[in-house]
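Order as written gives the chain letters A, B, C, D, E and F; numbering starts at 1 within each chain.
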Amino acid sequence: MEHLIIAPILIPAFAGMLLLLEVRERQRLRRFTGLLATLALIPVALGLWQQAATGEIGVYQLGDWRAPFGIVLVLDRLSALMVLLTAVLALPALIYGSRGDDRRGANFHGLFQLQLMGINGAFLTGDLFNLFVFFEVLLIASYGLALHGRGPARVKGGIHYVVLNLIGSALFLVALGLAYGTTGTLNMADFAVKVSELEGNSLDLARLSGLLMWVVFGLKAALFPLYFWLPATYASATAPVAALFAIMTKVGIYAIARVYGLAFSGGALAGLGRDPLWVIALITLGLAAVGVLGARRLGEMVAYLLVMSVGTLMAGLAWSSPEALGAMLYYLIHSTLVCGGLFLLADLVTRGRGELADRLEAGPSPTGRGVLGVLFFAGAIAVVGLPPLSGFVGKVALMQAVPAPLYWLFLLGGGLIALIGLSRAGSTLFWRATGDGEERRLDGPRLAATVALLATTPALAIWGEPVLEACLAVAGQWSQPGLYIDAVLGAGESAL
Amino acid sequence: MNLSILVLLPFLGAALPPLAERFRASRTLLALSAAALPALALALMVAPARRVIAGDTVLSSLQWLPSLGLDLAFRLDGLSLMFAMLVLGIGLLIILYARYYLAANEKAGRFYAYLLLFMGAMLGVVTSDNLLLLVVFWELTSLSSFLLIGFWSHNSGARKGARMALTVTGLGGLALLAGVLLIGQVVGSYSLGEALASGDAIRASGLYPLILCLVLLGIFTKSAQFPFHFWLPHAMAAPTPVSAYLHSATMVKAGVFLLARFYPMLAGTNLWFDLVTLAGMATLIWGALAALFQHDLKGLLAYSTISHLGLITLLFGLNTELAAVAAVFHIINHATFKASLFMAAGIIDHETGTRDMRRINGLWRYMPYTAVLAMVASAAMAGVPLLNGFLSKEMFFAETLQSDRLGAMSWVLPLGATLGGVLSVAYSARFIHDVFFNGEPVNLPKFPPHEPPRYMKVPVEILVALCVAVGVFPALTVAGLLAVAGTATLGGTLPEYHLSIWHGFNLPLLMSVVALVGGVLVYSQRQRLFRWHARLPEINANLIFERAMQAVARFAGALSGRLRNGSLQTYVAWLLAVVSLVLLTQLGPHLLSGERALLPLDGVALLAGAMLIVAAVITAILHRHRMTAIMSISVVGLVVSLVFVRFSAPDLALTQLSVEVVTVMLLILAMYFLPVRTSAESGVFRVSRDLFLSVVVGGGVGVMAFAMMTSDFNSISGFFLENAKPGGGGTNVVNVILVDFRGFDTFGEITVLGIAAMGIYALLKDLKLTSPGADATGRPWARDAHPLVLVTISRPLLPLALLVSVYIFLRGHNLPGGGFIAGLVTSVALLLQYVASGVGWMHHRMPGDYHPVVALGLLLAGITGVASWLFGHPFLTSTFDYIHWPLVGKFEVASAMLFDTGVFLTVVGATLLMLANLGKLSLLDDKGAGAAYDGDETGQGGGA
Amino acid sequence: MEVMIALMIATLVGSGVYLTLRARTFPVILGITLLSYGVNLFVFVSGRLSLNQVPVVGMSENPSDPLPQALVLTAIVIGFAMTAFLVVLALRGQGEMNSDHVDGGSDGESHKEDR
Amino acid sequence: MNGIVEFLVSGFILIGAVFALVGSIGLVRLSDFYLRLHGPTKASTLGVGGAILGSLLFFSWQERALQLQEVLIVLFLFITAPVSAHMLAKAAMHRNLKRREDTRGGPWKQ
Amino acid sequence: MSRLLPFPLLSLFLWATWMLLNGFSWGHALLGLVLAVVLPLGTQSFWPNVPRLRNFPKLVRFVLVVHWDILTANVAVAILIIGPPRRLRPGFVELPLDLSDEFAITLLASTISLTPGTVSADVSEDRRTLLIHALDVDDEGAMIEQIKQRYERPLKEIFEC
Amino acid sequence: MLEIALPIAFGLFVLALLLNLYRLLRGPTLPDRALALDTMYINTIGLIVLYGISSDSKLYFEAAMLIALIGFVSTVAVAKYMLRGDIIE
C-alpha cells in the first residue's frame, strides 16, 4: 500500500502508454481501457483521502532518495482532496466523451489519460521543478485535447492557449532558476526552510521568483488580466474536454495555495503577493460576471462562470485564514463539478439546435427540452449560489469566513449579474423555442454523465457539513506548513 | 410533531402531480393529487396550532450545516401560524380554482408542481427559526415564482415578467443574505429566537444602519415597495391562479412578513421610521394612483396590491405596537379580499377572453353571481364598513394620527393616508362599475360570457364569506388569531385594542368618510382624469427594464469583448505587461551589488556573445524574411551550444546541437505550407509598445541573471556529486541525476515528448493543406526529388550514425552522452533518410506508425520504475552491479540503463512520429501527390 | 563574463518577447524558440558559471553544478516538444483558417470574435 | 610539454586557423555564389583538419598514447561536406543565381 | 558468411570507427564486432545496391591520392581566394561519366567536391554526365582528363573492373 | 608557445565565424545564407577542438563529432527546401 501515493500518476500513465500502443484504432478497446483506468482512480483516490484524513502526511521518495535530494510525492489532505476531485470529475467527462466525441480526432483516450497523469502529478509532487514537469505534461496533453475535433474556432482558441502557456512556461523556468539560484534547492519543504533564511540580494531574487511564479499560476488559474484566452478556448473545446478543463484552473489555484502556503510561508517573504491577489481576485470576479452577462453562447457563458469561480476562490485564498481556505475548498469542489456539468449540458443543448448550436438566440428547442431545462435550472441555481444547492452553502461559508464588505459586494453583485445572464440564457434556450429541434432522442449515457456531475450539487448541499468539515480539516493542515516540512524533511528541520 | 415535516410536505407534494400526469390522471385527479399533501399539512397543523393559540411557541430543529450555523430549525408561533394558515388555506383554494382555470391542453402537472414548490418555500419562510434557513426559503420563493410567472413561456410578457421578478427579488434576496450574515455577526448566532432577543444589541451595533438597509432592501423588493414596485404588475403575465396566490397571500407578503418577523429586532429607531414609513407612504399613494389608471383588470389589482402593501409597510414603520397589530390585521384582510378579487378577475378573463376594462362592461347581466362576489370583495378593498378591510383601514387611519416623529409636519401622514384611502375607493369603484355596469360589452373575444363552473366559484365564495364574517364579527372570527400573531410580532405583550365596527364618531371615521366620498367623486371625474393621464408620457416599466437590461447586457458584451478581443497579441501583451510590472517594481540597482567574484571576459567569449546578440536581434528584425530568420536562429542555437561547451556542460551542448538540427528541419517542413514572408503590419504604436515590453522583460531577466550569478548560494548539488558514483553507479553526474536522482522528472519529460507526438499526430490527421506548386518567386519546383549524391551518402550514414548513437548511449552514464542525445542522433539519421529518399521509400523500411515505438519507450521506462517495487523500493529506484566476463573484463549493468533505453526509444519514436507525419502531409494533397511519388524509387537502381 | 552572459540572456529574452508579440504564427514560433534559449541559459547559470569544470566524477577538482544542467536538459527536450506542437498547430491554423494570422483570418476580421 | 611537440601543435592549429579564415574570407569576398561555394567546402574543412591534427598530437603526447579518436571528425566531415556543397549548388542552379559574366558554361535546369 | 556480413567493407569501417571512438580494449573489440555485424544487417534494407569492393589496395592508394590533392591544391586555392578576384576564370564543366555504379559516381562527385577548385554541382538524370563548377578553368579538356585519370579510373577499378 | 598560438588560432576562427555571420546576414540570396551557416558549423568544430586543447580535456570531442556528423543535415534541409519546397516528400 505504500505505493498507493504514486498510483494516481502511474495508472493513467500506463493506461496512456497502452493506448498509445494500440494502433489499430479499436475504439471499443480504447474506451474500455480509458474508462477502466479512470474508474480505478476513484477507489485509489478514496483510499488516499482516507489515508490523508488521519492527519498523517505521506511522503513517497522516488528512487529511494531522501528529500531534499530526490523528488518526493507528498500526500497531505490538500493533495488528496484535489486528486479525489479530479477522479470524480474525470469519470463522467470520459463517459460523455466515449459516446462519440472521442472519434472526432485521434488519440483522444491517450491524451485524456495523460492529462490526468499530469494533473495528479501536479497535485502530488513536493518538488518545484517536478511541478514544472507535471505542468508541462498536463499542458501538452491539454493542448492536444483542446484541439480535439475540428473547426477554425477551436484552432484559433488553441493557438492562443498554447502560445500564452508557452510563455507562461518560460516564465516558470525563470522563476525556478531564481528559486534554485537563491536557495540551492528544489524541494518545496526545503525551499521553505531555506528561503526564510535569505537576506540581501538573494532575498530580493527569491521574492522575484515568487512573484513570477505567481504570474504563471495566475495565468493557469485564469486571473485578471490573464484570463482573456479562456472563454474562447474552453467554449470551443469539445464538451468532455471542457468539462475536464474545469479542474485546470484549479491546478493554478492549488499551485498558489501550495507554493504560497508552504514554500513562501516563512521569513520575510511570508504573505508574498497576497494583497495584489486580493485586488485582482475581486476584479476577476467582477469582470467575469460582466462576461457572463455579455456572453452570446452558452459555452462561453459557462467559461465565464468558471472564471468567476476563480475570482471567488482566489479572494478566499488571499484572505488566507484557515476558515477562508476551508470555505474556499468547499467552493472549489462545488464550482469544479458544477461547471464541468454545465459544459456537458451546454453540449447537450447544442446537439438539438442544429446550426444555431449554443448561441443564445431563439431557435429550435433543444432535444429533451424538459430534462435539460430542469438540469439547466439546477445548474444555474448552483452556480450563482442560490439556495438550496451547494453554491449557496459555499457562498455563505465564504462570506462568513471572509467578512470583508468589498468581497461581499463583489460576490453578491457578481452572483446577481450572473443570475440575470443565466435567466436570460435559460429563457431564450428553453422558453423561447421556435419549434422542435432535431428529432433524435437524448443519448442516455451522455445525459447520465451530465446528471452525475450536476447531481453533486444537491449532494454537496445535503452532506454539506461533513464536506465542510473535511475542507476545514484540509485547511487546518495547510495553515501549518511546519507539519508538511517535518514530514518531508524529517522532524526538527522546520523552523516554522 | 416535527415542524420540518410540515414544511417538507408541499415539497414532496410537488412530485405527485407530474407523476399523476404521467399516468394520464384526469384533471380532477391531478388537482386532488396536488391538494393532498398541503391538506395533510393543514390537518397536521391543527395540533400545534392549538398550542400556539394557547400561547406556546412550537419549536423543532434538525442539524444541517452546524459549522455555518445553518440548521433546519422551525418555529410555529402566532405570526407564523397566521401566515402558514394563509399559505396553506389560500393555496388549497387556488388549487381548486386552478382545476377549472387551466385549459385542458396545459401542463397542469407541471403547474401544480411549481405551485407546490412555491407553497413549500413560502411555508419555510414563515416557519423558519433560523435566519439563514429563512434566506434559503426566501430565495426559493423567488426561484419558484420565476417558474410560475414564466409558466406561459411561449408568451414574451411572461418570460420578461418572470425574469424581471427574479432579478429584482434576487437582488433583494442577496441583500437580505448579507444583512442576515451581519446580524449573525452581531448576535453570534443565526437562531431567530436569539436574534429576536438581541434587538437592543443589534440596534446598538455600529452595523445596524447597514443591516437595516440590507434587510429592508430585501423586504422592499419582495413586497414591491416604491421604487422596487415595478416588477409586480408585469408578474401578472402569470396564469391568474398564480397572481391570486403570489400577490395576495404569499410572495409579496413575504416581505411584510419579514417586517413583522424582524420587528422586535430592528424596529423602534428613527432610521426604521424614516425608511419604512417613507417607502410605505410613497408606495401607498403611487400604487393607488397607478391602479386607478389601469385598463387591465389584473393591472388594477396589481397596483392596488402594491398600494396595500405600502399601507402595511407604513404601519410597520410607525414604530407603535398598535400599528404593528393593525399591519398584521391588514395582512390577513388583504390576503382574503385580494385573493378573491384575483380569482374573480380570472373568471372574467376566462369568460370574456380579455382583461381590458374598456371592453368589459355590464357583466352584471351575464354573470350576476360572480358580480356580487367581486363587488363585495371590492368593497372590502375600498374599506367599506361591515367588511374586513374597513376594520384594518380604520386602525390604520387612527395610527397615522398618533405619530409625532415628523413634528410639525405630522399632519402629512394622516393626509397621505386619507389620500390613499380616496384613491383606493376610486379604483375599487372602478372595478365594480366599469366591469359590471357601464353599458354593454365591447367586442369581447368570447361572447356571451357565462357564470363559471360551479366549483370554480367555491374558493371565491369562501374568501368573500370570510371578508364578511371578519367584517361583521371580528371578535368571533379573527380576534384570536390576530392576538397570537400580534403577540408574536411584537415579541411581548399585546397592546390594548378593540376589534369592533363602531368606535364612535372620531377622526379615523371622518377620514373613512372622506375616503369614501372622495373616492366616489374622483371616480366620477374619471373621464377627465383618463384624458389627463393619456397625455402623460407612457412609462412602461417592462420596456424600460428590458431595455435597461439589454443595454447592460450589451455593455457587458462590449466590455468583455473589448477585454477579450480575440487578439492573441493583446493577450500576450497583457501577460508581459504584468511581468513588466513585477520587474519594474522589484528591480533596482541594489541587485547589481553581488559579492561573488566575476569571471574574466576574454575576446573569444566577447565575440561569440556579440554573434549571438546580433543573430538574435537580426532574427527579430528580419522575421518577415522567414528562411533568413531560420538561418539566424540556427546561429543562435549554435552559439548557445558553444556557451554550454565553454561553461562545462558538454551534455547540454550535445543535446542543444542535435535538437537544433531537428528544430530547423521542423521549421523548414512547416515553411512549405506557410507564406515565405509577410508584409509589415504593425503600426508605430504597436511596435513601440512591443519594444518597450521586450526591453523591460528582456532587460529584467538579464538583470536578474546578473544578480543571481553574482551572489553566493549553497546548493544541494554537493550530494549529487558525492553520491553519483557510489549511489547511482555513474560518474557523469548530470546523467545520474537524469536517470536516477531525478529520474521522475525525466519520466515526465519523455511523457511530454510522447504526448506531443500524439497531439501532433492528432492535429495532422486529415489536415488538408494545399502544396504550393511553385516557390515564392513562382518558379516551379525542381524535378529531382531525391538527388543521387544525397541519397547515396545518406544511406551508409545510417549505420554509422547508429553506431555513434550506441557509443553516446553507452557512455552516457559515465561521460557526456545518454539516451536523449543518442535518441536524437538516431532520429536525425533516420530523418535524413526521409529527406533523401522520401516517405514512400521509407515506408517499406520503417514501421508505418511510430506510436508503438513511443509507447514501448515509455513502457520500458515505466516498467523499469515499477520493477523496483518487487524489491521493496519506491518507483524508479535504480540498482547496478559490476559483471566480470572473461576477455571483456569488468563492466557495469545498471537498471538506469534500461530506463535510459526507454528514453532513447521515446525520443526516436516521438521525433519520427512528429516529423515523418509532418512530411507525409504533402502526400495527402492531391496536387502534390503525383510529383511527390515521381522519384520514389530514385537511387534504388537494381536489386533489392 | 557574467555581464556578457546576462546581456546574451537579455537579448534572447527581449527578441523572443518581441517576436511572440507578432501577428503571424511563424514569428511567434521563432519568438518562443528564442525565449526558450534565453530561459534555458538563465536556468543554466543559476548554478553559476564555471570554466572547464565538467561535472563528471574524477574529471574536475571543483565540478560545476550538475543540477541546473540536468534541469536545462529536461527543459530543452520539453521545449522541443512544445515548439514542435506549436509548429504543427500553426499548420493546422493555415489549413483550417487559410491564414497564418494568430487570430485566423486577415487583420480586418481578426478582432471580431466568432460569436 | 615537449618543445617540438608544442611547436608542431601550435603550427597545426595556426595553419588550420589560417585556412579556416581564408575560406571564410572567400565567402565574403568572392563575387558570385558559385565562387563562394568553393571557399568553405574546402578551405574550412582543411582548417578544421589542421586544428584536429594539432589536437591529435597534443592529446597523444599528453596521454603518451596514440589518440586517433578525432580523426573521426575529419572523416565525418569528408563524408558530409560534399553533400552540403552539392545540394547548395543544385539549389543555386535551380534558383538561377547570378554568376560572373565571364563564367564559362552554364548550370543545368533543375 | 555473406549473409552474416553482406557489406564487409562497411562492417570493417564500422568496427574501425568503434575502436577509434572507444580506444582499444578487448571488450570493445568484441562489442564493436557485434555492432559491426548487427548494424549493417539491421539497416540492410536501406541500401540494397552498394557495389562490391574489388580491389582493396587500390582503394587505399586512392584515399592517399585524394588526401594529398586536398592538401596541395588547398594552398593554391587559398592563394586564388585571397588574390585579385579578376584572375579567376570560373566555369561549369560537364564531365562525361564512364562509371555506371551510383555509389561510385557519388564517391567521384564527393571527391571532386573535396578537392579544391571544383565542386560537383549536379549529376544528369541518366547518370552519364557530371556537372562541375570550377573556380579557375584554364583548359576544360585538360581538367576533364585529369579528373578522369586521377579519380574516375581508380574508382572504376576499385568497384567495377 | 601554445599559450600564444592558441589565442591567435581562437581569434582567427572567431574572425572566420564573424565573416560567416556577415555573409549570413548580408545574403543576398538564400543559398548564400545557407552556405554561410554551413561554414559556421564547420568553423565551430574548429573552435571546439581548440577549446579542448586549451582546457586539456577530451570531453568536448563528442560535440565536435556530432556537428561533423549531423550538422550538414540543416544545410541539406534548406537546400532541399529551395529545390522542392517539401523536404520530406
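One rule holds in what follows: a contact is a pair of C-beta atoms (placed from the backbone, for glycine too) under 8 Å apart; a residue touches a chain by one contact, two chains touch by 3 or more.
All figures in this text were calculated on a predicted structure; none of them were measured in a lab.
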item	value
Touching chain A and also chain F, the following chains	B, C
Set of chains adjacent to chain D and to chain E	B
Pair joined by the larger number of C-beta contacts - A-C, D-F	D-F
From chain F, the most remote chain by mean C-alpha position	B
Between chain B and chain D, centroid-to-centroid distance (C-alpha), Å	69
Interchain centroid distance [CA atoms averaged], chain B/chain C, Å	38
Distance between the centres, which are taken as Cα means, of chain F and chain C, whole angstrom	22
Residue numbers of chain F (touch at least two other chains)	10-11, 15, 17, 30, 34, 36, 59, 65, 69, 71, 76, 78, 80, 82-83
Chain B, residues touching no fewer than two other chains	561, 564-566, 568, 572, 576, 630, 646, 650, 669, 671, 701, 704, 708, 710, 713, 715-717, 720, 742, 745, 749, 752, 755-756, 759, 763, 782-784, 787, 789-790, 793, 797, 800, 804, 815-816, 918
Shared-contact residues (touching 2 or more other chains) in chain A	129, 133, 136, 140, 143-144, 147, 156, 159-160, 163, 167, 174, 177-178, 180-181, 186, 232, 296
Arrangement of touching chains [line / ring / star / complete / other]	other
Chains grouped in pairs wherever the two touch, ordered by label	A-B, A-C, B-C, B-D, B-E, B-F, C-F, D-E, D-F
Of chain D, residues touching chain F in the complex	1, 3, 6-7, 9-11, 13-14, 16-18, 20-21, 23-25, 27-28, 33, 36-37, 39-40, 44-45, 47-48, 51-52, 54-55, 58-59, 62, 67, 69-70, 72-74, 76-77, 80-81, 83-84, 87-88, 90-92, 94-95, 97, 110
Interface residues, chain F side, partner chain D - complex	1-2, 4-6, 8-13, 15-17, 19-20, 22-23, 29-32, 34-36, 38-39, 42-43, 45-46, 49-50, 52-53, 56, 58, 61, 64-65, 68-69, 71-72, 75-76, 78-80, 82-83
Residues of chain D touching chain E in the complex	19, 22-23, 25-26, 29-32, 34-35, 37-39, 41-43, 45-46, 68-69, 71-72, 75, 78-79, 81-83, 85-86, 89-90, 93, 99-100, 102-108, 110
For the chain F and chain B complex, residues of the former touching the latter	7, 10-11, 14-15, 17-18, 21, 24-25, 27, 30, 33-34, 36-37, 40-41, 44, 47-48, 51, 59-60, 62-63, 65-67, 69-71, 73-74, 76-78, 80-89
Of all residues in chain C, those that touch chain F in their complex	51-52, 54, 56, 59
